[in-house]
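Order of writing sets the chain letters: A, B and C. Residues in each chain are counted from 1.
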(Lines give C-alpha, C1' and ligand atoms only; values in the text may rest on other atoms or scores of the structure.)
Protein backbone atom coordinates (compact mmCIF):
# COMPACT_ATOMS: atom_id res chain seq x y z
CA UNK A 1 0.00 0.00 0.00
CA UNK A 2 2.89 2.38 0.72
CA UNK A 3 4.57 1.35 -2.54
CA UNK A 4 1.50 2.26 -4.58
CA UNK A 5 1.31 5.68 -2.89
CA UNK A 6 4.98 6.28 -3.70
CA UNK A 7 4.62 5.34 -7.39
CA UNK A 8 1.45 7.46 -7.60
CA UNK A 9 3.46 10.49 -6.39
CA UNK A 10 6.36 9.67 -8.75
CA UNK A 11 3.91 9.42 -11.67
CA UNK A 12 2.38 12.77 -10.65
CA UNK A 13 5.82 14.43 -10.65
CA UNK A 14 6.75 12.91 -14.01
CA UNK A 15 3.50 13.98 -15.69
CA UNK A 16 3.54 17.46 -14.12
CA UNK A 17 7.07 17.96 -15.53
CA UNK A 18 5.96 16.64 -18.93
CA UNK A 19 3.02 19.09 -18.84
CA UNK A 20 5.26 22.05 -17.96
CA UNK A 21 7.74 21.16 -20.73
CA UNK A 22 4.91 20.90 -23.30
CA UNK A 23 3.41 24.21 -22.13
CA UNK A 24 6.79 26.01 -22.19
CA UNK A 25 7.33 24.63 -25.69
CA UNK A 26 4.09 26.40 -26.65
CA UNK A 27 5.23 29.58 -24.78
CA UNK A 28 2.10 29.63 -22.57
CA UNK A 29 1.82 32.20 -19.76
CA UNK A 30 2.36 31.18 -16.07
CA UNK A 31 -1.31 30.33 -15.51
CA UNK A 32 -1.45 28.26 -18.69
CA UNK A 33 1.66 26.32 -17.63
CA UNK A 34 0.12 25.54 -14.23
CA UNK A 35 -3.17 24.39 -15.81
CA UNK A 36 -1.41 22.09 -18.31
CA UNK A 37 0.77 20.65 -15.50
CA UNK A 38 -2.37 19.90 -13.45
CA UNK A 39 -4.32 18.45 -16.36
CA UNK A 40 -1.41 16.23 -17.44
CA UNK A 41 -0.85 15.01 -13.87
CA UNK A 42 -4.45 14.45 -12.74
CA UNK A 43 -6.52 14.08 -15.94
CA UNK A 44 -6.15 10.31 -16.28
CA UNK A 45 -6.66 9.57 -12.58
CA UNK A 46 -9.70 11.84 -12.44
CA UNK A 47 -11.44 10.04 -15.32
CA UNK A 48 -10.55 6.69 -13.69
CA UNK A 49 -12.03 7.74 -10.33
CA UNK A 50 -15.19 9.09 -11.99
CA UNK A 51 -15.61 5.82 -13.97
CA UNK A 52 -15.07 3.72 -10.83
CA UNK A 53 -17.45 5.97 -8.88
CA UNK A 54 -14.77 6.65 -6.27
CA UNK A 55 -13.78 9.96 -4.65
CA UNK A 56 -11.45 11.89 -6.95
CA UNK A 57 -8.03 11.38 -5.32
CA UNK A 58 -6.49 14.87 -5.58
CA UNK A 59 -9.61 16.54 -4.16
CA UNK A 60 -9.34 14.81 -0.79
CA UNK A 61 -5.53 14.59 -0.50
CA UNK A 62 -3.69 17.89 -1.00
CA UNK A 63 -0.37 16.05 -1.38
CA UNK A 64 -1.01 15.87 -5.14
CA UNK A 65 -1.71 19.61 -5.35
CA UNK A 66 1.50 20.50 -3.47
CA UNK A 67 3.56 18.04 -5.53
CA UNK A 68 2.25 19.54 -8.79
CA UNK A 69 2.86 23.12 -7.60
CA UNK A 70 6.40 22.17 -6.52
CA UNK A 71 7.19 20.26 -9.74
CA UNK A 72 5.89 23.17 -11.82
CA UNK A 73 8.04 25.80 -10.07
CA UNK A 74 11.09 23.50 -10.13
CA UNK A 75 10.70 22.77 -13.85
CA UNK A 76 10.11 26.41 -14.79
CA UNK A 77 13.22 27.51 -12.86
CA UNK A 78 15.51 24.72 -14.08
CA UNK A 79 14.05 24.35 -17.58
CA UNK A 80 17.37 25.22 -19.24
CA UNK A 81 19.12 22.30 -17.52
CA UNK A 82 16.26 19.92 -18.30
CA UNK A 83 16.58 20.86 -21.94
CA UNK A 84 20.21 19.72 -21.82
CA UNK A 85 18.85 16.23 -21.20
CA UNK A 86 17.63 15.59 -24.71
CA UNK A 87 14.36 13.75 -25.05
CA UNK A 88 13.63 14.76 -21.43
CA UNK A 89 9.95 15.22 -22.24
CA UNK A 90 9.81 11.72 -23.72
CA UNK A 91 11.55 10.31 -20.67
CA UNK A 92 9.23 11.91 -18.13
CA UNK A 93 6.20 10.95 -20.20
CA UNK A 94 7.37 7.32 -20.26
CA UNK A 95 8.02 7.33 -16.49
CA UNK A 96 4.53 8.78 -16.06
CA UNK A 97 2.71 6.10 -18.05
CA UNK A 98 4.72 3.35 -16.32
CA UNK A 99 3.72 4.43 -12.82
CA UNK A 100 0.15 5.44 -13.67
CA UNK A 101 -0.70 2.17 -15.44
CA UNK A 102 0.22 0.22 -12.28
CA UNK A 103 -1.77 2.63 -10.07
CA UNK A 104 -4.83 2.33 -12.32
CA UNK A 105 -4.66 -1.47 -12.40
CA UNK A 106 -4.35 -1.70 -8.61
CA UNK A 107 -7.24 0.74 -8.00
CA UNK A 108 -9.37 -1.33 -10.39
CA UNK A 109 -8.53 -4.53 -8.50
CA UNK A 110 -9.28 -2.83 -5.16
CA UNK A 111 -12.72 -1.81 -6.52
CA UNK A 112 -13.42 -5.41 -7.55
CA UNK A 113 -13.40 -5.14 -11.34
CA UNK A 114 -12.59 -7.92 -13.83
CA UNK A 115 -8.97 -8.05 -15.17
CA UNK A 116 -9.91 -6.72 -18.63
CA UNK A 117 -11.60 -3.67 -17.06
CA UNK A 118 -8.58 -3.14 -14.75
CA UNK A 119 -6.29 -3.18 -17.80
CA UNK A 120 -8.55 -0.56 -19.42
CA UNK A 121 -8.48 1.52 -16.21
CA UNK A 122 -4.66 1.35 -16.08
CA UNK A 123 -4.42 2.45 -19.71
CA UNK A 124 -6.93 5.28 -19.17
CA UNK A 125 -5.04 6.48 -16.06
CA UNK A 126 -1.79 6.48 -18.00
CA UNK A 127 -2.94 7.92 -21.32
CA UNK A 128 -5.84 10.28 -20.74
CA UNK A 129 -3.94 13.10 -18.98
CA UNK A 130 -1.53 13.20 -21.91
CA UNK A 131 -4.43 13.28 -24.38
CA UNK A 132 -5.96 16.37 -22.71
CA UNK A 133 -2.47 17.95 -22.34
CA UNK A 134 -1.88 17.56 -26.09
CA UNK A 135 -5.38 18.69 -27.13
CA UNK A 136 -5.16 21.84 -24.98
CA UNK A 137 -1.68 22.55 -26.42
CA UNK A 138 -3.11 22.04 -29.92
CA UNK A 139 -0.89 19.02 -30.62
CA UNK A 140 -2.20 15.77 -32.13
CA UNK A 141 -2.47 13.50 -29.05
CA UNK A 142 0.72 11.41 -28.72
CA UNK A 143 -1.48 8.31 -28.30
CA UNK A 144 -2.83 8.65 -31.86
CA UNK A 145 0.53 9.26 -33.50
CA UNK A 146 1.66 6.07 -35.20
CA UNK A 147 3.68 4.59 -32.33
CA UNK A 148 3.34 1.97 -29.65
CA UNK A 149 2.13 3.95 -26.64
CA UNK A 150 -1.14 2.69 -25.14
CA UNK A 151 -0.07 -0.75 -26.39
CA UNK A 152 2.87 -0.64 -23.93
CA UNK A 153 0.45 0.07 -21.09
CA UNK A 154 -1.85 -2.77 -22.16
CA UNK A 155 1.10 -5.21 -22.35
CA UNK A 156 2.41 -4.18 -18.91
CA UNK A 157 -1.03 -4.39 -17.32
CA UNK A 158 -1.57 -7.83 -18.89
CA UNK A 159 1.81 -8.97 -17.53
CA UNK A 160 0.65 -7.85 -14.08
CA UNK A 161 -2.35 -10.20 -14.22
CA UNK A 162 -0.34 -13.10 -15.66
CA UNK A 163 2.18 -12.80 -12.81
CA UNK A 164 -0.61 -12.48 -10.23
CA UNK A 165 -1.30 -16.21 -10.83
CA UNK A 166 2.27 -17.10 -9.83
CA UNK A 167 4.00 -17.12 -6.41
CA UNK A 168 6.05 -14.02 -7.23
CA UNK A 169 5.67 -11.41 -4.44
CA UNK A 170 3.52 -8.36 -5.28
CA UNK A 171 6.39 -5.86 -5.10
CA UNK A 172 8.28 -7.81 -7.78
CA UNK A 173 5.16 -8.07 -9.95
CA UNK A 174 4.92 -4.28 -9.81
CA UNK A 175 8.59 -3.89 -10.77
CA UNK A 176 8.43 -6.46 -13.60
CA UNK A 177 5.19 -5.21 -15.18
CA UNK A 178 6.38 -1.61 -14.80
CA UNK A 179 9.62 -2.54 -16.58
CA UNK A 180 7.61 -4.10 -19.42
CA UNK A 181 5.81 -0.78 -20.02
CA UNK A 182 8.98 1.32 -19.73
CA UNK A 183 11.11 -0.91 -21.97
CA UNK A 184 8.44 -1.59 -24.64
CA UNK A 185 7.73 2.13 -24.95
CA UNK A 186 11.41 3.14 -25.16
CA UNK A 187 12.21 0.34 -27.65
CA UNK A 188 9.22 1.40 -29.77
CA UNK A 189 10.49 4.99 -29.90
CA UNK A 190 14.15 3.96 -30.41
CA UNK A 191 13.46 1.51 -33.23
CA UNK A 192 10.47 3.52 -34.51
CA UNK A 193 8.17 0.48 -34.15
CA UNK A 194 4.47 0.56 -34.94
CA UNK A 195 1.61 -1.94 -34.94
CA UNK A 196 1.28 -4.16 -38.05
CA UNK A 197 -1.10 -2.72 -40.65
CA UNK A 198 -4.44 -4.33 -41.54
CA UNK A 199 -4.62 -2.59 -44.92
CA UNK A 200 -3.72 -4.12 -48.26
CA UNK A 201 -1.64 -1.99 -50.61
CA UNK A 202 -4.60 -1.09 -52.83
CA UNK A 203 -6.50 0.25 -49.82
CA UNK A 204 -3.75 2.73 -48.98
CA UNK A 205 -3.58 4.33 -52.40
CA UNK B 1 -36.56 -5.59 -19.17
CA UNK B 2 -35.24 -8.25 -21.53
CA UNK B 3 -36.28 -6.13 -24.54
CA UNK B 4 -34.26 -3.16 -23.29
CA UNK B 5 -31.17 -5.36 -22.79
CA UNK B 6 -31.55 -6.69 -26.34
CA UNK B 7 -31.86 -3.22 -27.93
CA UNK B 8 -28.91 -2.02 -25.82
CA UNK B 9 -26.76 -4.81 -27.31
CA UNK B 10 -28.06 -4.11 -30.84
CA UNK B 11 -27.21 -0.42 -30.41
CA UNK B 12 -23.73 -1.38 -29.16
CA UNK B 13 -23.12 -3.55 -32.24
CA UNK B 14 -24.41 -0.83 -34.61
CA UNK B 15 -22.24 1.90 -33.06
CA UNK B 16 -19.15 -0.33 -32.81
CA UNK B 17 -19.49 -1.09 -36.55
CA UNK B 18 -19.99 2.63 -37.30
CA UNK B 19 -16.83 3.38 -35.27
CA UNK B 20 -14.77 0.74 -37.11
CA UNK B 21 -15.95 2.01 -40.52
CA UNK B 22 -15.07 5.62 -39.57
CA UNK B 23 -11.64 4.53 -38.25
CA UNK B 24 -10.88 2.41 -41.34
CA UNK B 25 -11.89 5.37 -43.49
CA UNK B 26 -9.15 7.33 -41.67
CA UNK B 27 -6.70 4.39 -42.10
CA UNK B 28 -6.06 4.11 -38.35
CA UNK B 29 -3.91 1.27 -36.98
CA UNK B 30 -5.52 -1.77 -35.21
CA UNK B 31 -5.34 -0.17 -31.76
CA UNK B 32 -6.86 3.06 -33.05
CA UNK B 33 -9.72 1.14 -34.68
CA UNK B 34 -10.48 -0.68 -31.43
CA UNK B 35 -10.43 2.57 -29.40
CA UNK B 36 -12.78 4.35 -31.83
CA UNK B 37 -15.13 1.32 -31.84
CA UNK B 38 -15.23 1.41 -28.02
CA UNK B 39 -15.67 5.16 -27.76
CA UNK B 40 -18.45 5.19 -30.38
CA UNK B 41 -20.24 2.29 -28.66
CA UNK B 42 -19.92 3.29 -24.99
CA UNK B 43 -19.24 7.08 -25.02
CA UNK B 44 -22.87 8.18 -24.86
CA UNK B 45 -23.92 5.59 -22.28
CA UNK B 46 -20.91 6.37 -20.10
CA UNK B 47 -21.75 10.09 -19.97
CA UNK B 48 -25.39 9.19 -19.23
CA UNK B 49 -24.43 6.89 -16.35
CA UNK B 50 -22.02 9.48 -14.89
CA UNK B 51 -24.72 12.19 -15.08
CA UNK B 52 -27.28 9.89 -13.44
CA UNK B 53 -24.74 8.87 -10.81
CA UNK B 54 -25.21 5.19 -11.68
CA UNK B 55 -22.57 2.50 -12.15
CA UNK B 56 -21.07 2.70 -15.64
CA UNK B 57 -22.78 -0.21 -17.44
CA UNK B 58 -19.85 -1.69 -19.44
CA UNK B 59 -17.55 -1.76 -16.39
CA UNK B 60 -19.74 -4.19 -14.46
CA UNK B 61 -21.06 -6.26 -17.38
CA UNK B 62 -18.40 -7.65 -19.73
CA UNK B 63 -21.05 -8.51 -22.35
CA UNK B 64 -20.54 -5.05 -23.86
CA UNK B 65 -16.76 -5.51 -24.05
CA UNK B 66 -17.06 -8.90 -25.78
CA UNK B 67 -19.73 -7.59 -28.18
CA UNK B 68 -17.51 -4.63 -29.16
CA UNK B 69 -14.43 -6.88 -29.61
CA UNK B 70 -16.49 -9.28 -31.75
CA UNK B 71 -18.10 -6.52 -33.84
CA UNK B 72 -14.70 -4.92 -34.42
CA UNK B 73 -13.04 -8.13 -35.66
CA UNK B 74 -16.10 -9.00 -37.79
CA UNK B 75 -16.20 -5.56 -39.39
CA UNK B 76 -12.43 -5.45 -40.06
CA UNK B 77 -12.53 -8.89 -41.73
CA UNK B 78 -15.68 -8.29 -43.78
CA UNK B 79 -15.15 -4.59 -44.46
CA UNK B 80 -15.08 -5.11 -48.23
CA UNK B 81 -18.56 -6.63 -48.22
CA UNK B 82 -19.91 -3.92 -45.92
CA UNK B 83 -18.64 -1.35 -48.37
CA UNK B 84 -20.81 -2.94 -51.08
CA UNK B 85 -23.80 -1.87 -49.02
CA UNK B 86 -23.57 1.81 -49.87
CA UNK B 87 -24.35 4.22 -47.05
CA UNK B 88 -23.68 1.33 -44.63
CA UNK B 89 -22.05 3.71 -42.15
CA UNK B 90 -25.12 5.95 -42.26
CA UNK B 91 -27.39 2.94 -41.77
CA UNK B 92 -25.54 1.59 -38.72
CA UNK B 93 -25.30 5.07 -37.24
CA UNK B 94 -29.07 5.49 -37.63
CA UNK B 95 -29.76 2.07 -36.08
CA UNK B 96 -27.44 3.07 -33.22
CA UNK B 97 -29.20 6.33 -32.37
CA UNK B 98 -32.60 4.63 -32.61
CA UNK B 99 -31.75 1.96 -30.03
CA UNK B 100 -29.66 4.18 -27.75
CA UNK B 101 -32.29 6.93 -27.49
CA UNK B 102 -34.82 4.38 -26.17
CA UNK B 103 -32.25 2.91 -23.74
CA UNK B 104 -31.36 6.38 -22.42
CA UNK B 105 -34.99 7.37 -21.95
CA UNK B 106 -35.83 4.15 -20.09
CA UNK B 107 -32.76 4.44 -17.80
CA UNK B 108 -33.79 8.01 -17.03
CA UNK B 109 -37.33 6.91 -16.14
CA UNK B 110 -35.94 4.08 -13.97
CA UNK B 111 -33.81 6.64 -12.08
CA UNK B 112 -36.89 8.79 -11.45
CA UNK B 113 -36.11 11.82 -13.61
CA UNK B 114 -38.66 14.21 -15.17
CA UNK B 115 -39.66 13.55 -18.84
CA UNK B 116 -37.66 16.52 -20.20
CA UNK B 117 -34.49 15.25 -18.47
CA UNK B 118 -35.16 11.70 -19.76
CA UNK B 119 -35.46 13.09 -23.31
CA UNK B 120 -32.11 14.84 -22.80
CA UNK B 121 -30.57 11.60 -21.45
CA UNK B 122 -31.85 9.63 -24.47
CA UNK B 123 -30.39 12.21 -26.84
CA UNK B 124 -27.05 12.26 -24.98
CA UNK B 125 -26.86 8.44 -25.01
CA UNK B 126 -27.54 8.43 -28.74
CA UNK B 127 -25.41 11.36 -29.87
CA UNK B 128 -22.41 11.70 -27.57
CA UNK B 129 -20.51 8.56 -28.65
CA UNK B 130 -20.72 9.74 -32.24
CA UNK B 131 -19.47 13.20 -31.25
CA UNK B 132 -16.32 11.76 -29.60
CA UNK B 133 -15.87 9.31 -32.52
CA UNK B 134 -15.90 12.20 -34.99
CA UNK B 135 -13.70 14.51 -32.88
CA UNK B 136 -11.04 11.77 -32.41
CA UNK B 137 -11.17 11.05 -36.17
CA UNK B 138 -10.79 14.78 -36.84
CA UNK B 139 -14.20 15.05 -38.52
CA UNK B 140 -16.69 17.80 -37.76
CA UNK B 141 -19.21 16.01 -35.45
CA UNK B 142 -22.12 14.70 -37.53
CA UNK B 143 -24.50 16.26 -35.00
CA UNK B 144 -23.30 19.78 -35.89
CA UNK B 145 -23.47 19.30 -39.63
CA UNK B 146 -26.60 20.97 -40.93
CA UNK B 147 -28.98 18.00 -40.79
CA UNK B 148 -31.73 16.66 -38.59
CA UNK B 149 -29.92 14.24 -36.27
CA UNK B 150 -30.38 14.99 -32.57
CA UNK B 151 -33.76 16.40 -33.55
CA UNK B 152 -34.85 12.89 -34.62
CA UNK B 153 -33.85 11.57 -31.18
CA UNK B 154 -35.74 14.35 -29.42
CA UNK B 155 -38.88 13.69 -31.52
CA UNK B 156 -38.73 9.92 -30.87
CA UNK B 157 -38.17 10.40 -27.14
CA UNK B 158 -41.06 12.87 -26.99
CA UNK B 159 -43.30 10.38 -28.82
CA UNK B 160 -42.37 7.82 -26.13
CA UNK B 161 -43.72 10.06 -23.37
CA UNK B 162 -46.85 11.02 -25.31
CA UNK B 163 -47.67 7.33 -25.86
CA UNK B 164 -46.94 6.51 -22.21
CA UNK B 165 -50.18 8.34 -21.33
CA UNK B 166 -52.18 5.98 -23.55
CA UNK B 167 -53.16 2.34 -23.09
CA UNK B 168 -50.69 1.14 -25.73
CA UNK B 169 -48.49 -1.67 -24.32
CA UNK B 170 -44.86 -0.72 -23.55
CA UNK B 171 -43.34 -2.97 -26.24
CA UNK B 172 -45.39 -1.21 -28.91
CA UNK B 173 -44.44 2.22 -27.51
CA UNK B 174 -40.78 1.22 -27.89
CA UNK B 175 -41.34 0.06 -31.49
CA UNK B 176 -43.36 3.15 -32.47
CA UNK B 177 -41.03 5.74 -30.91
CA UNK B 178 -38.00 3.89 -32.29
CA UNK B 179 -39.58 3.97 -35.75
CA UNK B 180 -40.11 7.74 -35.41
CA UNK B 181 -36.35 8.24 -34.83
CA UNK B 182 -35.31 5.87 -37.63
CA UNK B 183 -37.74 7.23 -40.23
CA UNK B 184 -37.26 10.94 -39.38
CA UNK B 185 -33.48 10.56 -39.62
CA UNK B 186 -33.53 8.62 -42.92
CA UNK B 187 -36.09 11.02 -44.47
CA UNK B 188 -33.93 13.97 -43.38
CA UNK B 189 -30.88 12.47 -45.08
CA UNK B 190 -32.82 11.36 -48.19
CA UNK B 191 -34.57 14.69 -48.76
CA UNK B 192 -31.65 16.69 -47.36
CA UNK B 193 -33.91 18.36 -44.77
CA UNK B 194 -32.65 20.82 -42.19
CA UNK B 195 -34.22 22.94 -39.45
CA UNK B 196 -35.80 26.25 -40.52
CA UNK B 197 -33.40 29.18 -40.25
CA UNK B 198 -33.85 32.00 -37.74
CA UNK B 199 -31.69 34.41 -39.73
CA UNK B 200 -32.95 37.12 -42.04
CA UNK B 201 -31.21 37.47 -45.39
CA UNK B 202 -29.19 40.53 -44.34
CA UNK B 203 -27.79 38.64 -41.33
CA UNK B 204 -26.34 35.93 -43.53
CA UNK B 205 -24.40 38.26 -45.83
CA UNK C 1 -28.94 29.98 1.08
CA UNK C 2 -31.52 31.98 -0.87
CA UNK C 3 -28.81 34.42 -2.02
CA UNK C 4 -26.71 31.58 -3.48
CA UNK C 5 -29.75 30.21 -5.36
CA UNK C 6 -30.42 33.67 -6.79
CA UNK C 7 -26.84 34.20 -7.98
CA UNK C 8 -26.82 30.68 -9.45
CA UNK C 9 -29.89 31.56 -11.55
CA UNK C 10 -28.38 34.94 -12.54
CA UNK C 11 -25.18 33.17 -13.63
CA UNK C 12 -27.24 30.65 -15.62
CA UNK C 13 -29.06 33.47 -17.45
CA UNK C 14 -25.80 35.34 -18.17
CA UNK C 15 -24.03 32.25 -19.53
CA UNK C 16 -27.07 31.09 -21.56
CA UNK C 17 -27.18 34.54 -23.20
CA UNK C 18 -23.41 34.41 -23.84
CA UNK C 19 -23.89 30.96 -25.42
CA UNK C 20 -26.71 32.14 -27.68
CA UNK C 21 -24.71 35.20 -28.80
CA UNK C 22 -21.67 33.02 -29.62
CA UNK C 23 -23.86 30.51 -31.52
CA UNK C 24 -25.67 33.25 -33.48
CA UNK C 25 -22.26 34.73 -34.33
CA UNK C 26 -21.45 31.33 -35.89
CA UNK C 27 -24.88 31.25 -37.64
CA UNK C 28 -25.83 27.90 -36.05
CA UNK C 29 -29.33 26.48 -36.57
CA UNK C 30 -31.99 26.65 -33.78
CA UNK C 31 -30.98 23.29 -32.29
CA UNK C 32 -27.30 24.25 -32.29
CA UNK C 33 -28.10 27.54 -30.53
CA UNK C 34 -30.06 25.72 -27.80
CA UNK C 35 -27.25 23.17 -27.28
CA UNK C 36 -24.56 25.87 -27.00
CA UNK C 37 -26.76 27.85 -24.58
CA UNK C 38 -27.17 24.72 -22.41
CA UNK C 39 -23.50 23.74 -22.53
CA UNK C 40 -22.34 27.27 -21.70
CA UNK C 41 -24.81 27.53 -18.81
CA UNK C 42 -24.43 24.08 -17.22
CA UNK C 43 -21.04 22.75 -18.40
CA UNK C 44 -18.97 24.14 -15.53
CA UNK C 45 -21.47 23.24 -12.81
CA UNK C 46 -21.88 19.73 -14.22
CA UNK C 47 -18.12 19.05 -14.08
CA UNK C 48 -18.04 20.51 -10.53
CA UNK C 49 -20.89 18.26 -9.35
CA UNK C 50 -19.30 15.17 -10.96
CA UNK C 51 -15.93 15.97 -9.30
CA UNK C 52 -17.61 16.50 -5.91
CA UNK C 53 -19.63 13.32 -6.38
CA UNK C 54 -22.89 15.25 -5.86
CA UNK C 55 -26.14 15.05 -7.83
CA UNK C 56 -25.89 17.12 -11.01
CA UNK C 57 -27.93 20.22 -10.14
CA UNK C 58 -29.90 20.81 -13.37
CA UNK C 59 -31.02 17.17 -13.55
CA UNK C 60 -33.00 17.32 -10.31
CA UNK C 61 -34.20 20.94 -10.49
CA UNK C 62 -35.96 21.90 -13.73
CA UNK C 63 -35.67 25.62 -12.86
CA UNK C 64 -32.33 25.68 -14.70
CA UNK C 65 -33.82 24.06 -17.81
CA UNK C 66 -36.73 26.54 -17.94
CA UNK C 67 -34.40 29.50 -17.31
CA UNK C 68 -32.11 28.42 -20.17
CA UNK C 69 -35.06 27.84 -22.54
CA UNK C 70 -36.45 31.27 -21.63
CA UNK C 71 -33.09 33.06 -21.93
CA UNK C 72 -32.47 31.42 -25.31
CA UNK C 73 -35.82 32.46 -26.80
CA UNK C 74 -35.50 35.97 -25.33
CA UNK C 75 -31.97 36.42 -26.74
CA UNK C 76 -32.84 35.07 -30.19
CA UNK C 77 -35.86 37.39 -30.44
CA UNK C 78 -34.12 40.51 -29.11
CA UNK C 79 -30.65 39.83 -30.54
CA UNK C 80 -30.67 43.02 -32.59
CA UNK C 81 -31.13 45.17 -29.48
CA UNK C 82 -28.49 43.22 -27.55
CA UNK C 83 -26.08 43.94 -30.36
CA UNK C 84 -26.64 47.65 -29.80
CA UNK C 85 -25.04 47.16 -26.40
CA UNK C 86 -21.50 46.79 -27.64
CA UNK C 87 -19.36 44.21 -25.86
CA UNK C 88 -22.62 42.63 -24.62
CA UNK C 89 -21.14 39.14 -24.97
CA UNK C 90 -18.13 40.18 -22.90
CA UNK C 91 -20.41 41.71 -20.27
CA UNK C 92 -22.63 38.65 -19.89
CA UNK C 93 -19.60 36.38 -19.82
CA UNK C 94 -18.07 38.48 -17.03
CA UNK C 95 -21.34 38.46 -15.06
CA UNK C 96 -21.43 34.68 -15.53
CA UNK C 97 -17.93 33.99 -14.18
CA UNK C 98 -18.55 36.34 -11.23
CA UNK C 99 -21.66 34.51 -10.07
CA UNK C 100 -20.46 31.00 -10.89
CA UNK C 101 -17.13 31.35 -9.05
CA UNK C 102 -19.00 32.20 -5.84
CA UNK C 103 -21.45 29.30 -6.34
CA UNK C 104 -18.59 26.86 -6.94
CA UNK C 105 -16.67 28.03 -3.86
CA UNK C 106 -19.75 27.75 -1.63
CA UNK C 107 -20.64 24.26 -2.93
CA UNK C 108 -17.04 23.19 -2.26
CA UNK C 109 -17.23 24.52 1.32
CA UNK C 110 -20.59 22.78 1.84
CA UNK C 111 -19.01 19.48 0.71
CA UNK C 112 -16.16 19.94 3.22
CA UNK C 113 -13.22 20.53 0.88
CA UNK C 114 -10.03 22.47 1.71
CA UNK C 115 -9.90 26.16 0.61
CA UNK C 116 -7.46 25.49 -2.27
CA UNK C 117 -9.80 22.82 -3.70
CA UNK C 118 -12.80 25.15 -3.26
CA UNK C 119 -10.94 27.87 -5.20
CA UNK C 120 -10.30 25.31 -7.96
CA UNK C 121 -13.99 24.27 -7.94
CA UNK C 122 -15.09 27.91 -8.20
CA UNK C 123 -12.73 28.47 -11.14
CA UNK C 124 -13.89 25.24 -12.86
CA UNK C 125 -17.57 26.19 -12.39
CA UNK C 126 -16.90 29.61 -13.88
CA UNK C 127 -14.58 28.69 -16.75
CA UNK C 128 -15.42 25.20 -18.01
CA UNK C 129 -18.80 25.98 -19.61
CA UNK C 130 -17.14 28.73 -21.62
CA UNK C 131 -14.33 26.38 -22.67
CA UNK C 132 -16.81 23.82 -24.11
CA UNK C 133 -18.88 26.63 -25.66
CA UNK C 134 -15.79 27.94 -27.47
CA UNK C 135 -14.51 24.48 -28.52
CA UNK C 136 -17.91 23.49 -29.97
CA UNK C 137 -18.05 26.83 -31.82
CA UNK C 138 -14.53 26.22 -33.11
CA UNK C 139 -13.08 29.24 -31.28
CA UNK C 140 -9.87 29.14 -29.29
CA UNK C 141 -11.17 28.98 -25.67
CA UNK C 142 -11.30 32.51 -24.21
CA UNK C 143 -9.48 31.18 -21.12
CA UNK C 144 -6.37 30.40 -23.17
CA UNK C 145 -6.26 33.71 -25.01
CA UNK C 146 -3.63 35.90 -23.44
CA UNK C 147 -5.80 37.73 -20.93
CA UNK C 148 -6.59 37.66 -17.25
CA UNK C 149 -9.69 35.48 -17.06
CA UNK C 150 -9.35 32.46 -14.77
CA UNK C 151 -6.91 34.59 -12.77
CA UNK C 152 -9.80 36.94 -11.89
CA UNK C 153 -11.80 33.95 -10.59
CA UNK C 154 -8.84 32.72 -8.53
CA UNK C 155 -8.31 36.19 -7.03
CA UNK C 156 -12.01 36.58 -6.14
CA UNK C 157 -12.21 33.08 -4.64
CA UNK C 158 -9.05 33.76 -2.60
CA UNK C 159 -10.56 37.04 -1.36
CA UNK C 160 -13.60 35.05 -0.22
CA UNK C 161 -11.45 32.85 2.04
CA UNK C 162 -9.40 35.79 3.38
CA UNK C 163 -12.60 37.61 4.37
CA UNK C 164 -14.06 34.46 5.90
CA UNK C 165 -11.52 34.88 8.71
CA UNK C 166 -12.89 38.32 9.54
CA UNK C 167 -16.14 39.41 11.21
CA UNK C 168 -17.61 40.66 7.93
CA UNK C 169 -21.12 39.15 7.37
CA UNK C 170 -21.34 36.44 4.68
CA UNK C 171 -23.57 38.47 2.33
CA UNK C 172 -20.94 41.23 2.22
CA UNK C 173 -18.16 38.69 1.65
CA UNK C 174 -20.09 37.44 -1.39
CA UNK C 175 -20.56 40.99 -2.71
CA UNK C 176 -16.91 42.00 -2.12
CA UNK C 177 -15.31 38.86 -3.61
CA UNK C 178 -17.77 38.96 -6.54
CA UNK C 179 -16.79 42.59 -7.17
CA UNK C 180 -13.10 41.58 -7.17
CA UNK C 181 -13.77 39.10 -10.01
CA UNK C 182 -15.96 41.51 -11.99
CA UNK C 183 -13.62 44.51 -11.67
CA UNK C 184 -10.34 42.59 -12.22
CA UNK C 185 -11.76 40.99 -15.38
CA UNK C 186 -13.14 44.24 -16.81
CA UNK C 187 -9.93 46.17 -15.98
CA UNK C 188 -7.88 43.40 -17.63
CA UNK C 189 -9.93 43.70 -20.82
CA UNK C 190 -10.04 47.51 -20.74
CA UNK C 191 -6.30 47.99 -20.19
CA UNK C 192 -5.41 44.85 -22.15
CA UNK C 193 -3.53 43.41 -19.14
CA UNK C 194 -1.88 39.99 -19.16
CA UNK C 195 0.20 37.96 -16.74
CA UNK C 196 3.94 38.76 -16.57
CA UNK C 197 6.02 36.59 -18.90
CA UNK C 198 8.49 33.97 -17.63
CA UNK C 199 10.41 33.91 -20.90
CA UNK C 200 13.66 35.74 -21.62
CA UNK C 201 13.91 37.54 -24.94
CA UNK C 202 16.09 34.87 -26.54
CA UNK C 203 13.50 32.20 -25.71
CA UNK C 204 10.78 34.00 -27.65
CA UNK C 205 12.73 34.34 -30.89
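A few remarks follow.
As a convention for this text, a residue touches a chain if its C-beta (ideal position, glycine included) is under 8 Å from a C-beta of that chain, and two chains touch if they have at least 3 such contacts.
Fair warning: this is a prediction, and the values are worked out from it, not measured in the lab.
The chains that touch both chain A and chain B are C. Relative orientation of chain B and chain C, expressed as the C-alpha superposition rotation angle, is 120° to the nearest 5. The distance from the centre of chain A to the centre of chain C, each centre being the mean of the chain's C-alpha atoms, comes to 31 Å. Shown for chain C are the residues that touch two or more other chains, namely 50.
By the touch criterion given at the top, residues 50-53, 113-114, 116-117, 144, 146, 150-151, 194-199, 203-204 of chain A touch chain B in their complex. For chain C in complex with chain B, the residues that touch the partner chain are 27-33, 35, 46, 50, 55-56, 59-60, 62, 65, 76, 136.
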